[in-house]
Structure formats: structure tokens, C-alpha cells
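Next come two complexes, and both contain subunit A; in the first it sits with subunit B, in the second with subunit C.
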Partner chain A sequence: MKIAAKKFEGYIFALPGFIYTVVVLGYPLIYNLILSFKDLNIRNLRSGNAVLVGLANYKQLFTDSTFQLILRNTFIFTIGSLVFQFTIGFILALFFSKKFKLAGPIRGLLLIAYMMPIAVTAMLGKNIFGVSEGLINDLLLKMGFISEPVQWLVSTSTALIAVIAVNCWIGIPFNMLILTSGLTNIPQRVYDSAAVDGANAWQRFYHITLPLMRPAIMAVLMLGFIYTFKAFDLMFIMTRGGPLNSTDVLGTYAYKLSFTKYQFSMGAATGMVLFCCLLVIGLFYLRLIAGEED
Partner chain B sequence: MLEKIKFTLNSRRGRKNIIFSFLAMLIAVIFLFPIYWLLMMSFKPDIEIFAKVLTYYPHEFTIQPWLENLQNQEFLCSLRNSFMIATTSMLLSIIFGVPAAYGMGRYKVSGRKIILLTFLVTQMLPPSLMLTPMYLIFNNLGLLGTYLAPAIAISSGAVPFIVIILRPYFKSIPRSLDDAARIDGCNLFQSFFRIMIPAIKTGIIVVVVISFLSGWNDLAYSMTFNVKAEMRPLTANIYKFQSKYGTRWNAIMAYGAILVIPVILVFVFLQKYIVGGLTAGAVKE
Partner chain C sequence: MRKYLERFYSITIFSLVFMLIGAVFSLNVYAKPVEVSLWHYFEHEAEALEKVVADYNAMQDEIEVIPTFVSREELMNQYTIGAISGELPDIGMVDSPNMASFVALDVFADITEYVEEWDDLQYFYDGPLNSTMDVEGKIHGLPNNSNCLALLVNMDILEAAGFDEPPTTWDEFYEIAAATTDPSNSIYGFSMSAVGNEEGTFQFIPWLYSSGASVSSLVSEKAISSLELLTNLVKEGYMSREVINWGQADAYNAFVAGKAAMLESGTWQIATMDEDIDDAFDYQYTLLPKGEEYASVIGGENFGVTVAASDVEACTDFIKFMQTAENNANWCEIAGKLPVRSDAAELKDFWTEDERYAVFTDAMNYAVARGPHPEWPIISEAIYSAVQAALIGEKTPEQAMKDAAAIINPILAEIPVAGSN
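Showing the complex of A and B:
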């Protein structure tokens, strides 16, 4: 009897939050799925008589060359960002896991880049990659890497590079933070005994650090994929997806379809494609951490 | 003192400490240069901004770009909207999130594992996916153009986040503490509010701050659900101000700097808690 009452108490606290989440997230998600099989647009929004069209929206998306470009951009943006932010984040994590006085405070300080409103970061990126007023062009000119200013955000071939660069700046501190916490969990005695056995620095890194870091590395890569793949704010402020869709990704494209072309069902279908891609990686991530749950 | 410095310079550990700290500072300077750039641009007069040669610090210092924003009615209105949206979403997140974290942390609620995994999945849902369905639902409910619409949307992600971050805090409270409270005559809610919440003060501060910032930093929801520009927060009006000012980068940078101030303040005062909170949430649970 007493145990039953105890359990009941738990529900009093847990249920409101759970119900709230299900209603506020679950309902729109199902609504979005249904919407993606309909033909809701600006013309029939008022009347509400959008008919079911089955997979027609998806068919239209995948045969559209713009959408193929969007998919390509999304993957290039995600993989490109992951490679650089992970590599640099890992190097910084190795450095900041050393014991010295300023390690903690400065490592924390770098997190400001991660916490800044992305709208501001994007605006700053727009300035820094500007043609004549930009810091990047000025530095590259002064160092002699280029002879005339690069039209970073104006040219379709360089805009995505600039956006990836800014996104790496945002992502590096997060990668560093998670990897550092993974590194500090490796007991020092493992390294000590390896040193006794005569392992050099590279061997210690390859045979001890990397294998023991595997869970943290997997987690940071999967989380990085999830966070990067759904990007929206950065492109929306920095380039508006332009020039000529060259920085459009699934997130911005779904928005454009729904709110500039008012093709709500097409926007919903694009959202579903985004969701399915995230779900695949998300399930791997859940499997990874499910083992750590109690 | 001098002895101490001498010792530091001579010992191997001391030298390592100095060299590494110097390197760390160098990394920080390079990495955070864009933020320095944001601030410096905001103190440059127009002439310097439009000059052919790029300056790396304001040769002529002015606070005009800041004043321009702070005297602008539209800017002040956006600032108020930012506060309203962030506060409303924070309140919703806390009201639903904190008790849920407690319930799931202290009691053997059945299906706890499934609920936790569901909450983790919600962290993967992008705003750009939720925009279309939520817009249409809020449209039917007549919520478009209110602070509540973006606040509900933002809190939908923050509630699960709070549960993920705060649950371990609640779990760490010794069982004897709530038993003692109950024996002393506290009822269920009294022990929650008077004993449990104060016991995990730092955790509460972290989630309050992070949920406020997630509302403060939001762009997608506030921009889409608040059709009228006068209801939009600073993040969503950046674009409008950008085109309005043209290439007036100093005014735009001052605008951005004001938007970053709360983030910097949080950092100065709460850095170590936030760092702990973020790591706890990402890798385990």
C-alpha cells in the first residue's frame, strides 16, 4: 500500500511535464506528417479543404533539381563542419586537459562562442567575410595568400565555405568541452604503466587515449551531426540561403517553402525528410547512451 | 615573493605552467578575436568604417552607435520583446520541467527509461521542422502574434532539457533528507519546495539561466509566429536593422553587442556551473 502511494506521488510530479511535452511536440509532429501527405497551400488555407495527395509531395521534392542541391549542401555543410570542429576541438581538448593554472578558466571562456545567440554570430560572420570591409580578406591580403579580395558570400562557390567556417567557430568549444571531460576520465595510472612499458607519446595516444575515448568521440560526433544537420539560424541571417541556393540547407528550405512560397505541405514534407535523417543518427546515439542509463 | 618567482622559473613544473598558460592565452586571443571585432566595430565612427584602410581598433572612439540604438524606439521595443519572450518561455519551462525532473529522479516511475529516451529524442527535433505545423496550429488557436506562441515552442525543447540536466541533481540528494522532512510534518509539496529545491540550488540556477538564454537566443520561432515586426525580439529584427542601416556596421555591431551582454554576464558569474551542467547532459543521460 505504501509503495503504491509512493509511486503515485512520483506521477504527480512527472506527468504534467510529460503530458506538456507530448502535446506541444508530439501533436505538431503527427500533424506535420499528415500535412506532408496533403496539398495545403495559401489558396486552400482558409477553406481548409486540402485533399490527400499521398506521396506526391515527396515525389515532387526528390525529382526537383533544387532539392537535390539542398540535400547536397546539407551533407557538405554537416560533414565539413564535423571534420574541422572535431579535429580542432580534439586538439584543444588534449591541450586543455593538461594540468596548468589557466586551463580551466580559459577553456570555459572559449564557450562564449558556443553560447552566443547564433543570430549575432551570423551577423558577425557576414561582416568578417565581407568583400571590402571583411577581416578575413584583409588578413589574407596582408599575409599574401590572395592578391585581390575574395567575394566570399557573393559567389556560389565560396559562400558555403564561409558558412562552414563560422559554424566551426560555434562548434569547436562544444566538441572541446565534451572531449575534455572524456579525457580527464582516463585514469593517469594507465598512462603511467604504459610509460613504464616504454610506449612513446604517439603510441600512448593511439593505443590508450583513442580506444578509451571511443564513447565520448562517438557521442560528440553524433551530437555534432544532429546539431549541424538541422542548422537554420546561421544561414538565415548570414546568407538567406543564397546566392542561388548555394547555402540553402533542409532547414532553411523547409522554411522558404512554407513561409515565402506558402506551400505548407511541401514545407512539411521537407521537414519530414530532415526528421528522418536525424532519426537515423538519433537512434544510433540513443543506443550508445542507453547502456549508460540506470 | 621573489623567491617564489625564482622557484617557479627554475622548477620544471613551474616552467611548464607558465608556457602552457601563455599558449592558452594565445589560443583564447585568436579564438575570441571575432568578439573583440564585434566590440571594436561598435565604437568606430562612420568615417572610419567607410575608410579604405581597415583599422584593428577604433582610432577615434565613439559611443554614438550605442546611443543610436538605445534611443531608437523600435530597438527598445524589440529589447522588451526579447525579455518578454525569454521570461515567458523560462517560466513555462521551469513550471513543467523542474517537477518532472524531481518525479523521475526520486521515484520509480514505470516507463521511466522510455520517457527519458523520448525526452532525449526531443532534443533532436529542429525548430525548422516544428515551424510549419506549429504555425498552422497556433493560427487555428489564435495565438499567432502573442508572446505565448514562441514561448510555448521554445519551452517544448527546454522542458526535456531541464529533466535531462536536473534529474542527476535530484538523484544525488540523500534519501534521509526527504524522510526527515516528512517526519517533521512537511507534506509532499512542502518538502519539494522547502527542502528539495533549496538542496539543489546550483542545478536550479543552471536550468533557469539556460532556459532564459534559449528564449533570448531564439530566432526561428519568434520570427515566424510573430507576424508583426513590433512583436519581434532583437534576434529576429537583426535582419530588418541590417537592411535599414545599410552598411552602417558600427550601429549593427552595437546592436549585436547589446544582445550578447546577458550571455557574457551569465558567463562571468556562472561559468563553472554551466560548464558542469552542459557536460552532464550531453554524454551521460
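Showing the complex of A and C:
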């Protein structure tokens, strides 16, 4: 009897979390999924007789050249951001894990970029990458790297680069923070004994730091991917997805479909594509964590 | 255990007391008029709006209107969400070309029965009033104000370049834009908004219609020539390429800072102009230059009663009050807008005496409406995308117009623009 009650108790504790998930996440998710199989748009919202069209919305999306561009943008944005954020973040983490004067305070200052609201960062980015009066062009011109201003946010070929650059600026401190905490968990004596055995700096990094940092590295990459892949506010404020969809990602495109073109079902389908990509990464991450706990 | 019981009792008693207080308050409210929410996105005009509302609230005790500012984009989103969830204000403001979509989404109630007997209705101008109607001609709101576009010229820059008069034709306009451009001081000959939203479309429409073309004839030679004109300005450096990221306020800021010789400017900008320019230079308004004909575009806001309103008739009564000839005239004078009814325009000599407004009053004769069409947002996106693609050199003007027509023509074939025939 007592054991049964104990077992029951477990479910009771899980219940609030379960209800919360169902109400707050499950309902909109399922509603969105159903919506993506329908054909709900401005012409039939009022009459309420949107028909089920199966996978037609998805088919239309994946054959649409704009959507293909947006899918490509999303991956370029995510991977481009991750590579630079991670590399620079790691270098900074290694640097600041050295014990020198003011290492702590300076590391703290770097976090300001991360704490700033993205709307503010995006506005700053918009000004910094201005063509005629932007800081970046001014610097590059003065240092002689370019002979005429780069068209940054007003050219389809450079706008995404500028957005990635701003996103890196936001992401580097976050990467640095997580990686630093990973580094401080590696005991100094491991390095000491390796040094005694004659390992040079590169060998120490490659054979000690990297393997021992693996959990932290995976965590920062996974979280970074999820966070970057669903980006919205940065491009929404910096470029509105323009010029000509060149900085649109799945998040902004789904918004545009639903809120400016009233193609609700297409917007829902785009949202589902975004969700599925993240679900795969999320499951992968969960498995990874489970593997480590065993 | 007893301790817990005591706590339980005290909580119960507290709750009861609170409920009692609540009940007393709600009884009190019961005697008051019904509260009606009104959502708007007026900024410098908000004070004028609050005055009309206060007058109305003092005048009757049936409803009490409570205005709330919601940013324009947020408000549009709220209507879209409200179309599904039903969470809507009682009265809402909407940009006129968007009204048809929200009527189609069933956001605004049909108020035809409360206004068709209203004598004043005959005085409303057709363009603004049409924008409140659905395909069947049912009225879903009342227009509040009108505005249109004209050309604003920095006379100091023009005179320095050897021109005494603002341009009247495309050729003169192009010549002046070329002559006034001064890269060493980063002064451009012309500034407008070609941003990727409704503002970009709004600013392009006059050029399109001035060429003699229309939204339904984008592949015509005339339509292409209008886009070519603007594209050449950017190509030659007479207009900043950054206009594709500029809203109308950004273009205006460039002008008041003396960084543009000419600006495609809206009526509402008069309200803050003198203060912003601060006598730094002389300016003059004139009609936008003429291709084949003069052209402008109608902008403005409407107020509608939403389907969520508990008393549509009472709410309609308020928007009728707001739009009486006298109130409309007073309001538009303070807010720097054009009235929406002919008898209001006659009440004051403001719109004819002030020569800046006189230009806009004249421009209204040539101004075209956008839509009304429930799928205007899609049409609009096709237009501003074409303009952007041509301005940044991604497509030729001809190709850009062809691509836009490929989106727009099938939509217009299915549902033509209401009131166009």
C-alpha cells in the first residue's frame, strides 16, 4: 500500500509540469500543426470553412524559390554565427582563464553585449553598418581595406554578413561564459603532470583541454544552434528581412506570411518546419545529456 | 493541526472581506456608463484625439470612451490575432488601405444600418469613404482624416544650383536632382522612402500613376518608365541607395537636416516641419512632378467599430460625433491633416490660406486610393519588392515590373479593386 502510494506520489509531483506543458506548449503546437494542413487565409477565415489540404502547403513551400532562399539563409545564418561565436568565444575563454590582473572584471565587461536587449543591439548594428555614415565603412576606408563604401544592408549579397556579424557580437560573451566555466572545472594538476611528462602547449590543449571540455562544448553548440536558428528580433529590427528576403529567416518569414499577407496556413507550415528542425537538434541534445549521465 | 485550521479560517475571512469590497465597487460601477475601449496609434495628434473623447464623455452618460495608444504595427497584429481569438477593442483605428483586409477578416462590424440614414454621410469624399466599404458596399467605419503626397523643396539648395522654381515635370525634376546633388557634402538631389513595407508602396504609387499607368498595368511601357526614373536617380547617385531601408520619417529627417534638396513629403509632416527645420533654410511645397499627368496618393486613417463591441450602435454614435463637420475640421487643423468631408473643408480657410496646405488640397484632386482590396497587402508587397529590386540593381525595371505583375494580375482578375468600375 505504502509503495503504491509512493509510486502515485511521483505522478502527482509531475502533474503540474505536465499540465503546464500541455496547456502552454501542447495546445498551440497541435493547433498550429492542424492549421498547417488546412488552407486558412483571408478569404475563408470569416466563413470558417477552410478545407484540409494535407501536405499541399508543405509542397508549395518547398517548391517555392523564396522559401528555398529563406531555408538557405537560416542555415547560413546559424552555422556562420556559430562558427565565429564559438571560435572567438573559445579563444577569449582560454585567454581569460589565465590568472592575470583584471581578468575577472574585463570578462564581466564583455558580458554587457550579451545583457543588452537585442532591439538595442539591432538598432546599433543598423547604424554601424550604414553605407555613407556607418562606423564600419568609415574604419575600413580609413585603414585602406576598401576604396569605396560597402553597400552592407542595402545589398542582397552583404546584408546577411552584416546581420551575422552583429549576432556574433551578441553571442561571443555567452560562448565565452559557458566555456570558461568548463575550463575552470579542469583540475590544474592534470596540466601540471602532463607538463612534467613533456607535453607541449598544443598537446596539452588537444589531449587534455578538448576532451575534458567536450560536455561544455556540446552544450554551448547545441544551445547556440537552437537559439540562433529561431532568430527573429535581430533581423526584424535591423533589416526587416530585406532587402528582398536576403536576411529573412524561418522566424521572420513565418511572421510575414501570417501577419502581413494573412496566409495563416502557410505561416503555420513554415513554423512547423522551424519546429521540426529544432526538434531534431533538441532530441540529439537530450540523448547526449542522457549518455553523459549514465 | 489547529494552527493550520486557524490559518485556513483567517484566509477564508480575508477572502470574504475582499469579495465584499469588490462587490461594493462593482455595484458602484454599475451606475456608471459602460466603458468602451478605443485603440489608436496617433502620436503628435493624440492630444487632439483625447480632447474629442473628453467632449463626448462629458456630453452623454451612456458610454465612456477610453483611448489607448498602441503602436501601429502592434495594433495591426492585434487585429489579426483578434480575428481568430475575438480579443478586440470596441473601437479601433486603422490605416485606410488595410481596412479592406480587416473587414474581410471580420474584425470590423457592419455599421451600415446606423449611418445610412445619417444626413452627413453625403458630405464625405468618395475616396476615403470607399476605403471603409466591403465588396458589397457595406460600410464598416468612418474615415477620420486624409493626407496625400507632394514635393517638398529646399529652396536654398535649389537657388545655389541656379534654379528659382521647383520642378513641374519629370525632366525638370531629374535635371534639378542632378544639379543639386553634392557628394562632397553628402547632399542628395532627392529623398524618398522605398522601404519594404506599405510606406514604400505608398511613395511609389504617385510615380506609377503619373506615368499614366496603374496598378493593373505594371508591364506597360509607361509603368516601367516610372520605375526607370527612380532607378536612374539611384544609379547616378542623385538619390541614396539607402532609401530602401528608409521609412518616410527617415527620408524626412534627411531633408530637415539639409541632406536632400527635394523630398516626397506627406501632409502630416507639416505639423512638425517649422520646428525641425528651425529656419535653417527656406522651403516650398509643390505638386509632385508630372510625367504624363499630375498624380498623388491618398493616405489616411479610418475608425471602425469592431465585432467585439457590446453596443455597436453606441460606439457608432461616438465615431459619428468624432466626424461631424465641426469636429473633423477642428481635429484636422490641430493634427495637420486634411478633412474627409467637403463641408468640413469649407468651415475654415486654414486649408486654403496656408499655402503649404493649399498644395495638398490641390494634390487631392490628383490623388488615387490604394485598393480597397482585401488582398492589398500581397499586392503592396509585390510593388515594393519590385521597386527595391530595381533600385538596388537586382533586376532591371522591366523585369521587376513583370515579376510584380505576375503576382498582382491573377489577384486582380479574381477580385477587382472595389469601386474601380
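A few comments on the model shown:
Going forward, the second predicted complex is superposed on the first by the 269 of 294 C-alpha atoms of A that agree within 3 Å, B and C clash if a C-alpha of one lies under 4 Å from a C-alpha of the other, contacts with A are read in each partner's own complex, and residues count from 1 in each chain.
One rule holds in what follows: a contact is a pair of C-beta atoms (placed from the backbone, for glycine too) under 8 Å apart; a residue touches a chain by one contact, two chains touch by 3 or more.
Keep in mind that this is a model prediction, so the values were computed, not measured.
With the C-alpha superposition on subunit A as described, subunit C and subunit B clash in the combined arrangement. In the superposition on chain A, no contact is made by A:187 with either subunit B or subunit C. By the touch criterion defined above, A:239 reaches subunit C but does not reach subunit B. Once the two complexes are laid over each other on the shared chain, residue contacts for A:211 go to neither subunit B nor subunit C. Judged by the touch definition given at the top, the superposed model places A:289 against subunit B, while subunit C stays out of reach. In the superposition on chain A, contact is made by A:259 with both subunit B and subunit C. A count of residues in subunit A touched by subunit B and by subunit C gives the higher number to B.
In the three-chain superposition, subunit B clashes with subunit C only at 74-82, the remaining stretches of 2-10, 20-28, 74-82 or 200-208 being clear. Once both structures are placed on chain A, subunit A residues 126, 133, 258-259 are touched by subunit B and, in the other complex, by subunit C. Subunit B contributes residues 16-17, 20-21, 23-25, 27-28, 31-32, 34-35, 37-38, 41, 49, 54, 96-97, 99-104, 106-110, 113, 115-137, 152-153, 155-157, 159-160, 163, 188, 192, 213, 216-217, 219-220, 224, 234-236, 238-239, 242, 247, 249, 252-253, 256, 259-260, 263-264, 266-267, 271-272, 274-275, 278-279, 282-285 to its touches with subunit A in the complex.
Subunit C makes touch with subunit A in their complex at residues 76-77, 80, 83-84, 101, 104-106, 186, 195-197, 240-242, 244-245, 374-375, 377-378, 381, 385, 388-389, 392, 394.
If you check the complex, the residues on subunit A that touch subunit B are 6-7, 9-18, 20-21, 24-25, 27-29, 31-32, 35, 40, 92, 95-96, 98, 100-113, 115-121, 123-128, 133, 135, 138, 169, 172, 174, 177-178, 181-182, 215-216, 219-220, 223, 226, 230, 232-233, 236-237, 250-252, 254-255, 258-259, 264, 267-268, 271-272, 274-275, 278-279, 282, 285-286, 289-290, 292-293.
Residue ranges on subunit A touching subunit C, taken from their complex, read 42-43, 45-46, 126, 130-133, 151, 153-156, 239-244, 258-262.
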